[in-house]
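Letters A, B, C and D mark the chains as written, and numbering starts fresh at 1 in each.
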C-alpha cells in the first residue's frame, strides 16, 4: 500500500432536499482507495454508504446536490470533469455493480448484446480493442465469473438467468475493460447465502488476479469479514471509523462499530431447556402443496410441488425455526399452516382441532389460535387505517367489546415499546422497525397460541433486528407463546429457536434440536448452508 | 442498503403536486361557482329559461354594440335569456355527469373488485365483459340506443352508466389484484375478517383515491358525451336547456353570431377542465403519503 | 408464444360472437323495420308485403342464424334506404374512415410521443409544463365545438383549408386534428410516465454506469421498453377513434363509416348500423390483438415461453 | 426545434391556401349541395324531394306542368285526351332518343307504366302508381293509360312524377343497377355516381327541348353534406354554387354577401297540429271540441310566422295549401287569444290545464314556440322530438294525442293530396268523422271540378268548425346561390336546373 491511491475522496458533503429528515446525505467524508485493495464501506440503511459510491460515479439522483469537497481519481478531480469525460471514465476506468441483479439488466436485449456494448465505445488510447478480439474476450470474461456454457449464454435474455447468474454477468460487464476501480453496491444482499458465498469467491479472485481496486458497499459484517482488507464504518452520513480489516473487526474503537458488531446475530448452538411436560399445540403431518396453473386453450396442467410431505410437532412455548433458501417452500408452508393457502395433502391439528377440515365460521373462530407476522413491514399494514383500527380489527371480528380491546391494544403497544399516541397515527408515520412491532402487536391482540414469523426480521437493520428478536424472545418467555420462525438466516434461527427444520425444494432435509443440527449437520445441504454463512471464520475466531 | 432507485420521478410529481394544489383551488372555485349557479339558478336570474320573447331574438351579449344589460349574455333564437339558459343548462350537465358516472362507478367497481379479488373464472368472465364493452363503439351505440328509446334523462343516464364503467373495472381489477397480494390482506384473513369485511375495509379504502380520479374523469367524459349527443340532436330533449344542445342550436348561426356557440362551448370547456383538475388535486391531497 | 396467441384469438372470437348478437338484436329494438322500409306513403298491405319479403316473420334465432351465416360470407344484407348491399357500402366507406383514423393517430403520436419523451427527460421543465398544459386543456375541449371553431378560423376566416370533402389530404387536416387531439393527452401522459419509470429503472442506471452515450441510453435502452404500453394504448385509441368519428365526420361532411352509421340511425335503417358496429368492434378487437401480440413479441419473456 | 416545426407547418398550410375563386362559372359546372343523401337515383324508389329534382334532370314525363301557370304542356307526349273518364290517350313525340341511343316509342311508355304499377316490383311511392290499371300500345306513337277508377289527379301524376324508362335497358340492367346508372331522355345525363356522396351530370346536347327547353349549363355536380353548416361554409368559400333550405336567420345574414344571391319562395308544404279527437290514444282532453278550439286560440301563429318562419310564409286556417284545387278559404278562423283559450279550457272542465306529450319530427324552434304558447294557457306540453319513421309508426298505431307535423302534398296541386290523406279511412285519421270522409270521397272520385270543389268545401269547413286540426302556416324555402347563376325557384319546391344559366 505504498503506491498512490486510485481514488481519494476529500471532505465531500452531499445535501439532501430541504424537506427531508436530514440536511446532508453525507457530511465531510474523506477516504482513500489503493490499487488492488478491497475497501468495504459498511453501515446501516441511511448511513450514506451508497450515496458515497454513487457520488464517485457521478450518478447521484438529481435531488441530491454535491455541496463541497473533491473526488480525485488518479489525481484528476472527477467533480470538475465534463459529462463527456465522466462517460469516458464510467465502465472504462471506474465501473459499478448494483444490488438488484434481477432488474439491473435490460430485459429487452440479450446478454451478448449488453456485453458487446462495453466494447462499442471509444477505445482507450494505445489499447485499441478490435472487433475480432471481442468475441474471445467476452467468452473469457464469462469464464472468469464461472458462468457455465458461456457461448450459449450470449444469446440468452436476462429473464432466462437466475439472480446469481445475472450478478455474474454484471460483474463480467463491469470487468470487461479492466477498470482501475470497481464499485460494488451491496452486490450480494438479495442473493441466497450459498449464491452469495460463490459471488464472494469471485470477488476474492478478482482481488488476486487483477490490479483493480474494489469498493464494496455492504451492511453485513459477515460479508465484510470475508473479503475486506480495509474497512470504513459509516453512521448517519459520517465516517466513524476507518482501519484494516483485522483491527476494525476484532478491536473496534468506535462505540457505534462495537454496537453494530454486538448486534450481529450469533450462531448459538447450545442446548435449551424446555419446560417439561408441555402439551403439543400443533401437529402437522405430511403437509403437501402443489401449485397448478392452466395455460392456453389446451388447459394443460403445469404443476410445481412447493411443499412435499412436511411433518413436525410443536409443544407449547417451543420455538421452531424453518430455514431454507429462496424457493425452498418455507413461506408456502407457513401460509398453508395459516390456511392462507389450501393444502393438498396432510393433516394439521391445532390444540387438537383438525384445522384443515374447518370451514366457514368455525374456521374463523379457530383462526385466533395462530397468527402471523410478515417480512415486509411496509405492505403488512393497511396504509388507509390508523394503528387503532389495525389493532382493533381482530378483536372486532371476534366480538370483543371496544373498550376492552382498546385496553389490550394500549398494553400491547407498551409491550412492543411504542408510545400510546401511536394509536391515532397512520403507518406512513412509522419506521420499518416500528411497523414490525405494530405487526407483532396486531398478531398478539387475539392472544394466539402460536405466532408464525415469516422472515419477520429479514428486512430490518441489524441493530433493529436484534431488538425485535429480543422482543419476541421476551414475549415468548413471559406468555408461553409458541413460535414458528421462518427464515433464511441460520444465525437468526439459532438465536431464537430450540429446534430447526431445514427445507430444500419443498422437502425437509434435516430436523432436530438447534444444537445438533448446527453443530453436527448430517445432511450435505445443511453443511453447505452452514459453510456459506459469511464471516463464520471470523466469528469462530472471536 | 441499496439506496435510492425510485426518486427520479419525484420532481415531475412534485410539479404536478404544485400545479394541482393551485389548480385545485382555482378549479374547485370554478366548479363551485358552476354548482352554485346550477343550484341557485332561479335566484341568479330574473328570467325563466323557457319563457320566449319572439320579438327579441338573438340579442347579442352586452359587449357587442347591440347588447343590453337586460340580457347581458344575450338571447337565443326564441328570445330566451341566454344567461338563464346557461344556468339551468348547468343542471343538466352536472346531473347527467354525476349520476351516470356514479352508476358506472358502482357497476365498474363491483365488477373490477370481484374480478381482482376472486380471480379464476370470475376474473375470466369479467375480463371478457370488459373486452366486450371496450370493443363496442360508445358513441355509435349511444346514438343508436337514444334513437331507439328517445333521449329522456333516465335513458341517457342509464345508458351512459352502462357504457362508462370500463375504466373503473380495469383500474379496480388491477389494483385489487395488487392489493390482494399485500400482506395486510393476509393478516386480515388470519385475524378472522370475512370477505366482505376485507373488501369493504381493506380494499375499497385503498382504491378510494384512484376511484375519485376515475370518477372525475368519467364525470367529465359523461358530460362531454351527453353534449355530443345533444349536439347531434339525440341528447336531452328541448326545450330543457343543456349546454350541448345550446351549441347545437347556436351552430346554425356559427358564421354570423359566433357568441351563440362560444358561450356554451366555453362553459362546457371550463366545467370539464375544472372537474379534471379537481380530480387530480383530490388524488394528490388524499394520497396515503399525506395521511396524518 | 403460440399458446398466448391462441388464447388471445379465442377471447377475440368470443367477443365478436357476443357483439354480433347484440348488434343483431338492435333491429328488433328499432321497432317494426317493415314500416321504415315501406316508406311514407305505404299502406298496411305494402308493409305486410315487405315483412314477408324480408322474412321478419321467421323466429328470431332463425333470422340470426341466417344473418350470421350471410355475414360470415361478407353479406350483411341490404340497406333499406340506400338500397345497396351493406357489404358494398362498408367497403366503399371504410377506407375513408380508416384514412381519417390513421391520420388522426399519426397526428396524436407525432404530438404525444416526442412531447412525452421530452417531458420525461426533463421533468419540471418548460416542455413538461407545456405538455401538461396541452393534456389538461385538450381533455376538456368538446370535439364538436373544436371542429366548428377550426372551420370558422381556417376555412371561413383565413380560407386556408377546405371546410369539408375528401378530395385531397388537405381536406383531412382539420378532421384529423379534431379527431386526434382527444387521444393526445392520454398518450402523452402515458409516454411520460412510462418513460419516467423506465428512466428510473435499474438497467438505465446500469447503462449510465457503463458510460454509454445519453442518446444510446434514451433511444436504445429506454424507448424500446417504454414504448410498449404506448403502442397498446395507441391501438386502443385508434379503435376508439374509428368508433368515435361520427361527430367529426358529420361536422366535416366526410362520407365515412361513422357518417353512414349516423345517417342510417337517423332514418331507422338498421342493417348498415349493425354491420358498422360489428365492423368497428372487429377492428378494435383486431387492433388490440395485434398490439398485444406485438408487445408479447417485444417482451422476450413471453416470446421465448 | 419546435419553433422550426411550427414555422414549417405554417408554411405548408400557407402554400396550400385556397384560391377563393367562384369556380362554377369558369369551368361551366354548377355545384349543388344537398343535406340529404341521395340513395338510388330511381325516382320510383327515391321519392325524396332531392330525388325528384334529379329525376327531372335525367328523365321526362309524358307531360310537363308549367310552374308559373299551372297548365299542362307537352312532355314526351305532344297531345293527350280523355277517351272516357278512366282512359287517357297520348300521342308521343317522334325522334326522341335516350342517353344511351335507345329510341323512344310507345313500348317504353307501356313498359314503364305496367312495370311500376305491378305491386310485385315494390315501387315505394305506391300512391302515385296504384291508380293505373294498365297501359296499352295503340301504335308506335300512341299509348292508352287506363285507370282503375276515375282518378282526377291522373294528369298531375303523369306530368310530374311518372317518368318514362327505356324498356330495353331497364329490363337488362334490373332495378338496382338502373338506380345507380340511370338512362333517360332528359336534359342531363348521369356520368358518374358515387352513392350517397356525389352525382355528376353532363348536359344532353341532343335533348329534344320541348317544354323544358335546352340545357344551358354544361355540367352539374350534386354533392351531399351531412351538416347544413358545413355546406354553408362551402357556399361561403365558393366551393358550392347552390344550396337551399337555408334557415331564415342565416338567409337574412347572407343578404349582404356580395358573392351570393338569396331568394325566398313559398312551397306547397303546410304545417298543422293534429289532435286526437277520437280518443285513439286513450282518454285525452282533445276529444272535447272546446279543448281543441282552445289550442287553436292559444297558438300565436302570426308571431311565429313573423319572427321565426319569416319569408313568404303565411298563416293558414284551412287544412290544405291555399292554391290547391278545392282548398276552401272561408272556414272558421281562430284568432290568437290566450284568454279565450283559458276560458274554453275552463268550460271544458280543465281549469288547471293538463299534461300532454307534443310529438314533432322537424322545425324544433317552431315547435318550441308552440309549446311555450300552450304552456301559457295552462297546457303543460312535453316535447317528444323523434325521427319521421318513428313518429309515423307511433301515429299509425294510434298512440299520439298531440302532434305538429308537416305535409308537402308531393307538390300535387289538389286537396286530395293532403286533406284526403289525413281524414279518410286510414290509420293516419285522428278525426273519424263520417261526414268528412264521405265528402272527401265524393271529391276524390269525381272528375267534375265544381262537384269536387263543393264537396271539399263542406269537408274543410267542418274540419275547421270541429277544430280537428290547427293548420299553422305555409312553409317557404330560402335558396342561396352564386351571383353568377341565374336561377328562379318555383313555389312547388322543385328547382329546375335545366332552366338555369350563367349570368
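We adopt the following convention: a contact is a pair of C-beta atoms (placed from the backbone, for glycine too) under 8 Å apart; a residue touches a chain by one contact, two chains touch by 3 or more.
What you see is a predicted model; the values in this text were computed from it and never measured.
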Notebook entry, point to check: Looking at every pair of chains, which has the largest contact count?
Noted result: B-C
Notebook entry, point to check: Rounded to the nearest whole Å, what is the centre-to-centre distance of chain B and chain C, using the mean of the C-alpha atoms as each centre?
Noted result: 22
Next item on the list: Please compute the C-alpha centroid of chain A, do the same for chain C, then give the distance between them in whole Å.
Entry: 49
Check: With chain centres defined as C-alpha means, what is the inter-centre distance between chain A and chain D in Å?
Finding: 86
Check: In chain D, what residues contact two or more other chains?
Finding: 229, 233, 236, 387
Check: Tell me, which residues of chain B touch at least two other chains?
Finding: 5, 7-8, 11, 147, 251, 254-255
Notebook entry, point to check: Of all the residues in chain C, which ones touch at least 2 other chains?
Noted result: 31, 148, 151, 156, 201-202, 205, 250, 262, 266, 268
Next item on the list: Would you please name all pairs of chains that touch?
Entry: A-B, A-C, B-C, B-D, C-D
Check: Residues of chain B touching chain C in their complex?
Finding: 5-9, 11-12, 14-16, 19, 127-128, 131-132, 134-141, 143-145, 147-149, 220, 224, 227-228, 231-232, 244, 247, 251, 254-255, 258, 261, 265, 268-270, 272-273, 276-277
Item checked: In the complex, chain A residues that touch chain C -> 57, 59, 86-92, 95-96, 98, 100, 103-109, 117-118, 121, 157, 159-160, 170, 173-174, 295-298
Note to self: Give the list of chain B residues in touch with chain D in this complex.
What the structure shows: 50-52, 54-55, 57-58, 77-79, 147, 150, 233, 237-239, 249, 251-256
Check: For chain C, which residues count as touching chain D in their complex?
Finding: 31-32, 35-36, 38-44, 46, 49-50, 53, 79, 81-84, 89, 92, 148, 151, 154-156, 158-165, 170, 173, 249-253, 255, 259-260, 262-263, 266-268
Next item on the list: Using the touch rule from the top, collect the residues of chain C that touch chain B in their complex.
Entry: 11, 14-16, 18-19, 22, 26, 29-31, 119-120, 123-124, 128-129, 132, 136-137, 139-145, 148-149, 151-152, 156, 192-193, 196-197, 199-202, 205, 236, 239-240, 242-244, 246-247, 250, 258, 261-262, 265-266, 268, 270, 273, 276-277, 280-281, 284-285, 288
